[in-house]
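In what follows, structures are represented as C-alpha cells.
In what comes next, chain A is part of two complexes: it sits with chain B in the first one and with chain C in the second one.
And now, the complex of A and B:
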C-alpha cells in the first residue's frame, strides 16, 4: 500500500517545485490584482474600503477607457496584420531556391529585429522618425513632402507610425514560424500543381496557404495575445501620446497606477485585459488541441 | 578536549560581541544620484560614513531617476521600502498623502546636528501640512543654456535677456539653415512627460506668474495665458524646433550638445554634460530670459526618511552626515551643483568651474520657486500640462482654452 502510494506520488513530488513557483509567481499576483479592483483605492489608502464592482461600473462609463480600448483594437489588429503580411512575404522570399550562403545571410539579417529589446527599437525608430531624421530627409529628397513630418507627435500619424514600429519588431516571429511550416509542405503537391499549369500565386493560394492554415491560425492567435497586452514598445515610443492618440489599455493601466496613483482603477483595467486575453488563450488552446 | 575548549572560547567571544551586534543597524539608501555620472563617489561616501560610524552600515541602492518614484511607492506598499530616500521636490505632496515620508521637524530641531537648518536651501524645507518632509543634498537653478556660436552666426553679440530678445534671436537662428533650431521645447508624452516643468514653468516664473494658490490649482490666470501665448507665437514663427510634441528632454539635451539648437532651458546641472560631451561648443549659460522678474525655478536632489523605517535614528545619523558642510561640499562638487547646505558654498566655489560660478552669480539675488511640490498629483499634473500644450501648439486650441482645460483637469485630479 505504502509502496503503491510512493510510486503514484513520485511524479507529483517532481511537479511540486514547479507548482510552488507557479503558485507564488502567478496565482498570488493574479489574486491580488482582482482583489485590488474591488477596493476604493489600495496602496494610497492605508485602510481601503471594499466597494464591490463600483470600479468596474466607473470603467464602463469612462470615455478614456473606451478610447484606449478602441486604440488597443486598432493597434492589435493592425500589428498582427502587419506581422502576418510582412512575415509571410519574407518567409516566402527566404525560402526561395537561392545560394545557401545568401539564404543563411538573409535569414540571419531578417531575424534581427526580434533580438533587439523594446528600448533599443523605440530609440532607433524615434531617431529615424524625428523631424530631422532619416525618413523625413528621404521623403523630402524624393519630393514627397515639403515640410518634415512629426511622425510620433502628430495625432493623425502617431498610430500609423506605431504600427510601422510594431510591424518591424514583430514580423520575425511570423517569418520563422511560417518558414518552418513551409519546410513541411510535401514537394509533390507543388509538382502536381505545376503539372496542372499553376503559377506562383495559384500555388500560394491553393497549396501553401491551405497547407499552412493551422500554423497561420495558431501563430496569429499567439501574436494577437502578445500584442493585445504589449506595453514597453508603446510606452517607450510614444508614451500613449500625443494627447492620448496612442493610449492603449496596457499604457492606461500603467498611467493610472504610477502616474495618477489610482491603483484600484488600474487593477480594474488590468482585470479587463486579463479577461480578454484569457478568451484569446482559450481559443488558442482549443485550436492547438484540434491540431493534435 | 581541544575541541571542547575551542567551542567554549567561541561561545564566550560570541556572547561578548552580542551587545555590539545588537546595536548595529543596516540602513538602505535608495537614490538615483550615483547613476548620474559621479564615478563611484557615493560608494566612497558610504565607506567613509561607515568608517566614522561602525555601528551603522549603509546599503546603496541605485536606480535611474525615472524608476525611483515608482520603486518608492511599490516598495512602500509591500513593506520593503528603503530607510533613506532620494527625493525630488515635486513628489512631496503625493508621497506624504500616501504616508511614505517621515516628518523631519523633530530631527531638524536636534542640538547635535552637524549643520544649521537656517543654512539649508529653503525651497525643499517649506512646510506642507504643517511639517518639513525633506532636506536638500544639493540644488541647481533652471537656466538657459546658450550656443554662442549660433547666436553670433545669427548676428547677435550677447545672449537674450528678455522674452522679446529670446523670440528675436531664436527666430533668427532657426532661419540660419535646415536642421538648426532656435530653441528646443520637449513636450513629448513619453515618460516622464515633464517638458512643461522643464521649460514652461521657468519662463512663467521669469514673467512673475504662478500655477498654484497654496495647494489649489491656479492655472487659468493671465500670466499663465501670456506665457502660453509667448510659446505659441514662437512656435508659429518657427523659432521652436519642429516636433515639440515628440521631443523628449533627453533628445533636447542631445540636440543642444550636438550644436543644432541655439537655446535650451533646463537645470544648470546639465552644463557638465554639455561641456564634457562637446568641449568644442561655444557654450555659456544665462538666466532664463525675464520680463523684469528675477524668480527662477529651483531644482535639486533631496533626501527624506521613510515613515515605515525601523531605523529612523540611524537614517538621520546618515542624513546628518550628508548635510555637514564638509561632506555636502564634496557631494555638490561631484554633481557640479550648488550645495544644499549653503555653509558649504565657499568650499564649493573654490573648486568650481566657470559654469557653476555663473550659476552662483545668476542666483545671488534671485528668488527660488518650486510649486509642484504642493501639487497633490504632481506627475499627473505635468502630464496634463503636456497634453494641453501639445494641442495648443498644433493649433487645436488657444492659449486661453489650454489654460482653462489644464485648470479643469487639475481640479478633477485633486478630486
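And now, the complex of A and C:
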C-alpha cells in the first residue's frame, strides 16, 4: 500500500519544483492582473475600490484603445505577412543546389537578425532610419528622394518603418522552419513535375506549397501569437509614437501602467490581450494535435 | 514509338566515374530491361535518358533527335518512379491530368484522355481520391496512368515494382507486359530483379560497375552467358560455379571425378570454372545414363513443386533439384546425375566464357 503510494507519487515529486516556479511566476501575476482589472486605484492607493466591470466598459468607449487595437492588427498581420514572404523566399534561395560552402555561409548570415536582442535591433534601425542616417543618405545618393525622410518620426511612415524592422527581425525563424520543411519534400516529386513539364513557379505552386501547407499554417499561427503581444521592439523603435501612430496594445498597457500610473486600466488592457492570445493559442494547439 | 540510341555514354561524379562508355541501341517498340546489382549504373543511365542527370560524355538520341541538351519535358518521355512520386495534394484525376494541363491542352481533350486511360487501368472509381487513400498497387497504377496519358514516345520505368509485396508484384508484372503489347511503346525498364528482367524484356542489358556485361534476348542471356557474372546473376537458385581441374576424361571436382566432354582448348591439368544450373543436377535415378557422382546431401529445401538439394563437392557448396514428391534423406550420401551437355566453362582469370 505504502509502496504503491510512493511509486505513484514519485512522478509528482519530480514535477514539484517546476510546478512551484510556474505557480509563483505565472499563476499569481495572472490572478493579480485579473483582480486589478476589477478594482479602481490599485497599487497607488492602499484601499482600492471594487468597481466590477466598469474598467471594461470604460475601455470599450475609449477611442485610444480602439486605435491601439487597430494598430495591433495592422502591425501583426503586416509582420506575419512580411515574415512569411521573406522567410519563404529566402528559404527557397538557401535551399538551392549551390556550392555547399556558399550555402552554409548564406544560411548562417541570414540567421543573424534572430540572434540580436530587441534593444540592439531597435537602436541599429533607429540609426539607419534617422533623417541623417545611412538609408536616407543612400536614397538621396541614388536620387530617389530629394530631402531626408523622417522614417520613424513621420506619422504616415512610422508604421511602415516599424513593419520593416519587425520583418527584418522576425523572418529567420520562418526561414529556418521552412528550410527544414523543404528538406522533407521528396526529390522525386520535383523530378516527376519536371518530366510533366513544370517550370519553377509550377513546381513551387504544385509541389512545394502543398507539401509545406501544415508547416505554413502552424508557423504562421505561432508567429501571430508572438507578434500580437510583441512589446520591446515596438517600444524601443518608436515608443508607440509619433503621437499614437504606432501605439499597439502592448505599448498602451505599458504606457498606462508606468507612465500614467493607471494600473487598473493597464490591467484591463492586459486581460484583453490575454483573452485574444489565448484564443489564438487554442487554435494553434488544436492544429498541432490534429497533425500528430 | 521511337528508337533510342545510347552511344559511348559516360557519367562522372567529381573524380568518380560511374558509367564507362555505355552503348545500347533500342529498336522502336522494344522492351529493354537494364538489370544489375545496386550501384551498377542502371538507374543513372535511365535518369540520363530522362534528363534528370547531366551527361558527362557520349550521346543519347531519341527518335532522330540527339537529346543531350534538352530538358526532360522536351524529350518526349514519361517516367514511372520507384516510390511513384504522386502529388499528394492532388486527386488521382489531377495527378494524371497535370502534364496535360501544363501543356495547355483543351479541357475536354484532357478529360477524354484521362478517362480513357483510367478505364484501361481500372482507376475510374478512384479518380476523385487522393494518393494517400490508395493501396500500393493502386498508386502504382496511377503512376503508370500518369505516364500513359501523355502518349509519350518512350516510357521509362525506374524499379516500379520494388515497393510492392510479392503477390502484387507478379500481378503488376503481367499488367505491364499486357500494356506493352497493347501500346507498343518503346520502354526502358530498370530493375534489380532478374525474374522481372526475364519475363518482361525483349532485350536484357546486364550492367556491372558502370559497364555493360552482356546484352541480348532473355534466351541468349540465360542460356548463353558470356561471363561468370552473367551466369551467376541470372537464374534462381543461381547457377553452381565451381573451380575444377581438367582431366583427360572430364573434370575433377574436389575428390570426385565427372566424365564429360570439355572444350577443345582446355588441356588436362588446367584450372577452369565450371558452371552448371541446379536444374541440370538431378538424382541419378531420375536421369539414368548421365555422369553421376555420389555426394553428401546436407540440406533439402522443399519448395512444393520441387526440392532444392544442397550438397558439398570438395570446397564448394552446390545446389541440385528434384521433384517435390521425391523422397530424399538429409545427411546421407546420394548419387546425383550431372547433365554436362549443358555445363558452361569459364576462364578463371578473365572470367570469360570458354566455348
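Throughout what follows, the second predicted complex is superposed on the first by the 292 of 292 C-alpha atoms of A that agree within 3 Å, B and C clash if a C-alpha of one lies under 4 Å from a C-alpha of the other, contacts with A are read in each partner's own complex, and residues count from 1 in each chain.
We adopt the following convention: a residue touches a chain if its C-beta (ideal position, glycine included) is under 8 Å from a C-beta of that chain, and two chains touch if they have at least 3 such contacts.
As the structure is a computational prediction, the values presented were derived from the model and not from experiment.
In the three-chain model built by superposing on chain A, chain B and chain C fit together without any clash. Of the two partner chains, chain C is the only one touched by A:210; chain B is not. Of note, the Cα-centre angle with chain A at its vertex and chain B and chain C at its ends comes out at 150 degrees, rounded to the nearest 10. In the superposed pair of complexes, A:198 makes contact with chain C only, with no contact to chain B. The partner of chain A that touches more of its residues, comparing chain B with chain C, is B.
After overlaying the two complexes on the shared chain, residue contacts for A:153 are found with chain B alone; chain C is out of touch. Of the two partner chains, chain B is the only one that A:241 touches; chain C does not reach it. Superposition on the common chain places the nearest Cα atoms of chain B and chain C 49 Å from each other.
Only residues 186, 188-189, 191-198, 202, 206-207, 210-211, 213 of chain A touch chain C when the two sit together in their complex. Chain contact summary for the complex, chain A toward chain B: residues 42-44, 46, 126, 129-132, 147-148, 150-155, 235-244, 255, 258-261. Contact residues on chain B toward chain A in their complex (touch as defined above): 69-70, 73, 77, 94, 97-99, 179, 188-191, 193, 241-248, 251, 260, 377, 379-380, 383, 386-387, 390-391, 394, 413. Touching chain A in their complex are the following residues of chain C: 50-52, 71-73, 77-79, 81-83, 85-90, 98-99, 102-103, 146, 150.
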